[in-house]
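Labels A, B, C, D, E and F are assigned to the chains in the order they are written; within every chain, residues are numbered from 1.
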Amino acid sequence: MILIIFLLTLLTHSTSNASVVDFCVADLTSPQTPSGYPCKSSVTIDDFVFTNFKPGNTSNPFKSSLTPAFVHQFPAINGLGLSAARLDLGVGGVVPMHSHRGASELMIMVQGFITAGFISSDNSVFVKTLTKGDILVIPQGLLHFQFNAGKNKATAFLTLSSSNPGAQLVDFALFGNSLNSAFVEKTTFLDHAQVKKLKAVFGGSG
Amino acid sequence: MILIIFLLTLLTHSTSNASVVDFCVADLTSPQTPSGYPCKSSVTIDDFVFTNFKPGNTSNPFKSSLTPAFVHQFPAINGLGLSAARLDLGVGGVVPMHSHRGASELMIMVQGFITAGFISSDNSVFVKTLTKGDILVIPQGLLHFQFNAGKNKATAFLTLSSSNPGAQLVDFALFGNSLNSAFVEKTTFLDHAQVKKLKAVFGGSG
Amino acid sequence: MILIIFLLTLLTHSTSNASVVDFCVADLTSPQTPSGYPCKSSVTIDDFVFTNFKPGNTSNPFKSSLTPAFVHQFPAINGLGLSAARLDLGVGGVVPMHSHRGASELMIMVQGFITAGFISSDNSVFVKTLTKGDILVIPQGLLHFQFNAGKNKATAFLTLSSSNPGAQLVDFALFGNSLNSAFVEKTTFLDHAQVKKLKAVFGGSG
Amino acid sequence: MILIIFLLTLLTHSTSNASVVDFCVADLTSPQTPSGYPCKSSVTIDDFVFTNFKPGNTSNPFKSSLTPAFVHQFPAINGLGLSAARLDLGVGGVVPMHSHRGASELMIMVQGFITAGFISSDNSVFVKTLTKGDILVIPQGLLHFQFNAGKNKATAFLTLSSSNPGAQLVDFALFGNSLNSAFVEKTTFLDHAQVKKLKAVFGGSG
Amino acid sequence: MILIIFLLTLLTHSTSNASVVDFCVADLTSPQTPSGYPCKSSVTIDDFVFTNFKPGNTSNPFKSSLTPAFVHQFPAINGLGLSAARLDLGVGGVVPMHSHRGASELMIMVQGFITAGFISSDNSVFVKTLTKGDILVIPQGLLHFQFNAGKNKATAFLTLSSSNPGAQLVDFALFGNSLNSAFVEKTTFLDHAQVKKLKAVFGGSG
Amino acid sequence: MILIIFLLTLLTHSTSNASVVDFCVADLTSPQTPSGYPCKSSVTIDDFVFTNFKPGNTSNPFKSSLTPAFVHQFPAINGLGLSAARLDLGVGGVVPMHSHRGASELMIMVQGFITAGFISSDNSVFVKTLTKGDILVIPQGLLHFQFNAGKNKATAFLTLSSSNPGAQLVDFALFGNSLNSAFVEKTTFLDHAQVKKLKAVFGGSG
């Protein structure tokens, strides 16, 4: 019995608040810092479990769905350099060309067939059709895409090397905001009609 | 046509060998450095795909199996700060108490029921039984365990925040090597008979 | 005089090879590692001076020129987390939409007028016309562009937070390589004719 | 005299609050972030001196004492990646098997004889008896232990590569909290009686 | 049109507050952390443009002027690991011997002739006279200096690998504060008269 | 017995070469990289023990001695972000004004009295006389000094937050090499006679 008391003494200074060092569950109500959110002062096991990693609705034009477990959905990963997302692709489903500014990605196949690819800075093309048992790694910040290559729905689990990886879709960046059409044309060499057509599709102005 | 030539000129200096910057597929035959292995000079799409993320054999005493996609199995993740492993637990299967010195872990449930837990530095206990749709995060370096909590086999995909996360099993460290039994007893307060019994089970000497 | 001897004694162990710690001029003939190139064993002041930061030729379709001082041109910056480039824009000159996977950028205006912009992950547009005395910061990995907004040539000095920042031009990635046109169309929603037209312009196949 | 004014002008913008950049003495009353505590706004030399690096009381069951100078005792080391602790071992004293999740450790011998060891991830055993003039390095996150190997008291100074290194004692984690005994047995292969006995010693429940 | 709604759905969780991840414009009114200032919640393009990168007044004893664009002048660079400064040297102008504790530096020549040098830890001297078209790299933390080597004014743009690089001038540290003169003499071997003379020049006491 | 075989199977892939991940004992015969030396392939406990942390000879003009355990003396600390040095000061002994470009420092008092101080970037002075039981922290890259403040010899153990911290002594940098005396005078405002005198003392030329 005496050992308890001793250990408490031995550890008392070094471990008061020690759990705040082991992890830093995000207090999403406080302003972020360059290293992430400030830590919540009190946590339970439920902070460490994300319970919504489930198929999303693919009844949309892209026939695809992304269910993120990033820091805003899963505050316990704050500062730990990891996140996850579930990708569901209906038949014909697609994830448009995009990049993650701050994270590499592992795509772990769960079911179906997905053709995925990325382009490196020296403009080499890396593309392959993947199935259950395969993992593809996509290095940080490179443009990449995925589409369903099979006759049934397809699912993959994505994991990323940041708790807040961001995502920039090329179409969304070019056509889904107020960026001046003339600027888009000048810096992409797309035709005027093409830009206007996609601005309409993606709801952009300018 | 002329744009091709221009772009090659524009990019020529900055992109020669640029792909070596986007990624660094490990040359496992060269000595490691503190930041990982030196890079292979020539790569193809097959370097970026791991094709063996499949169930392992759980016909063993632990009734469990771990299929790693760490840097030694999947050299393309070298330097990218990410890895994965597939965990299969037969009925009654267990992953003994262990820690990863250099990585936090996400456990993404795929099928079945797994009870998992970790202990923090201030000695708080975090335990929960998880099922499909759940993700548990285990902060870096803390002791944790998993066991099958259901009546059927269970599977989870693990991802870790290091390309070479290591793993230290407590039993293996205490009983599976030449560490002097007297030292084990002195530093763990286990009884002599207990240490000797487990040394025999885990094949340790000393 | 005796102090010399003493100091040599005092410092002898700690400073043998110390200059290798202060800096690590790249040996470009050795394979890279995730942290950069191995270090050259012998250096002089000339290793630390880049002498070609001069206007490039803007007589090309983009009417622009980029003179990089990245690690391949300036090996002394290896491992120091910094690089530079000189941007010259003729009248009507443009730097097409692109991103740097691993670096933030400062654009320091030297002469003329440049309209520059970037799009953030939440799809906000940040655009402004800049002139001498202005610096624009472009956060890491985001799509951005520059074009000459004046009636005379324009120049800016760029500095980036990596010794090997890479650059991915959207047009080059979509149209300047062997990426299957059908994949481009499917993942960008561009029309078939548009893709084929730009594939021809940028020299892509597929 | 005029130089004073000039220098103040020269430095005025860049150094207002500059000391906040040189260091970041922890404001322990504010919530932590993943990079450490926010900085105190006003500091003196006394913030940078820890005055209690003295022998602790070894009249306890372990006959050992640890005096930490971690960020909670010594706020000036916040963000600097360093901390220290003083270890005193009475005759027969022991530091039980433990690990530091986020730090490597140097053990600098001061007096007496200490047997120390660590076990690596590939289960190799590294053990040696050390005396004055010796330093042992224990790589991050590995299980290690120390015990007095002499006939007199022993002392070592420990330094760690984190300002808040944490410490997880195996016995404390297994037996000193509410972790279900059945879970302990299942994941460590210890006998039921052994677990119950040590739960009693270390004050655990469950 | 429907694509707009879909994309908003697709991205909604992952991008709420995403711009806070792309960048972290400093809220200079909040306390700093080891990783920088907390982020402002609302930003515009004007936050990302520094408009005062202009020649300073060189009518001072050093005939030099430094115009910093560090985090306190340019809050948008917070956390991005980059800053800039404009250096103007009148005829005979000098930047005294100094170091930056936390940053390497690129000196990009704009006009005139500047002799610049640094000394490495193994006490090698690296000095050269530079002109337009040259860049000098000064590795982190080393003592260095610059002076006008020509007959006209000279200008260079400096960029540094930290958003808050600090600067420590040797003269200012030794002679421009309350550091006891006897301590200066003892630790620099300068003569008493020399120390007293420069204490007077730089406004130091003690 | 069967558990041995199982565990070997369980761990076999993940732990082949795992010890290379736990640590990276420097192979000093290979070229360094920005992250440190390549790793030795085979190690023993003796690699992890430095046996020469003993008093140096203080019979020299500075009456001081520094015994470093940096990466060149203690290759096992390569990549671990820690090193140590023993400081012995005879009566009147001094460590001249210096800085460490890449490391913060803890000075742990062992015996005697040492006056130590550092100057921050905003030119504040932090000085105190320390004795046994005290630790002083000196933030990275700042000028600092130590001298014996007592009537007997004094000893401190230094630990630094880098395995290869470097050290730049102001006197050595200004007077102990070939740096042109005119440059020294111009950039330090020291008198010509003073510079020449110290160049002679420290063995410099130029």
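Following the convention adopted for this analysis, a contact is a pair of C-beta atoms (placed from the backbone, for glycine too) under 8 Å apart; a residue touches a chain by one contact, two chains touch by 3 or more.
Predicted, not measured: the structure shown is a model, and the values here were computed from it.
Counting steps between touching chains, the shortest path from subunit B to subunit E takes 2.
Comparing E-F with the candidates B-D, D-F or B-C, the pair whose contacts agree for more than half of the residue-numbered pairs is B-D.
The rotation that brings the Cα trace of subunit C onto that of subunit D spans 180°, given to the nearest 5.
Among the other chains, F has the CA centre that is most remote from the centre of subunit A.
For the pair subunit D and subunit E, the distance between C-alpha centroids works out to 35 Å. Separating the centre of subunit C from that of subunit E, both taken as means of CA atoms, is a distance of 21 Å. Contacts with at least two other chains are made by residues 15-18, 21-22, 30, 33-35, 101-102, 121, 123-124, 127, 139-142, 166-167, 172, 176, 201 of subunit C.
Contact topology of the protein chains: irregular, matching none of line, ring, star or complete. Contacts between chains, counted with the stated touch criterion, involve the pairs A-B, A-C, A-D, A-E, B-C, B-D, B-F, C-E, C-F, D-E, D-F, E-F.
Residues of subunit C touching subunit E in their complex: 15-19, 21-23, 44-46, 48-54, 69, 74, 76-77, 80-84, 104, 106, 108-110, 120-124, 126-128, 130, 133-142, 157, 159-161. Per the touch definition, subunit A reaches subunit E in the complex via residues 30-35, 60-62, 64-66, 68, 70, 72-73, 85, 101-102, 164, 166-167, 169, 172, 176, 200-203.
Interface residues of subunit C facing subunit F in the complex, by the touch rule stated above, are 1-7, 9-11, 13-18, 20-22, 24, 27, 30, 33-41, 78-79.
Across the complex, subunit C meets subunit A through its residues 94-97, 99-102, 115, 117, 119, 121, 123-125, 127, 139-143, 145, 147, 166-168, 170-174, 176-180, 183, 186-191, 194, 197-198, 201.
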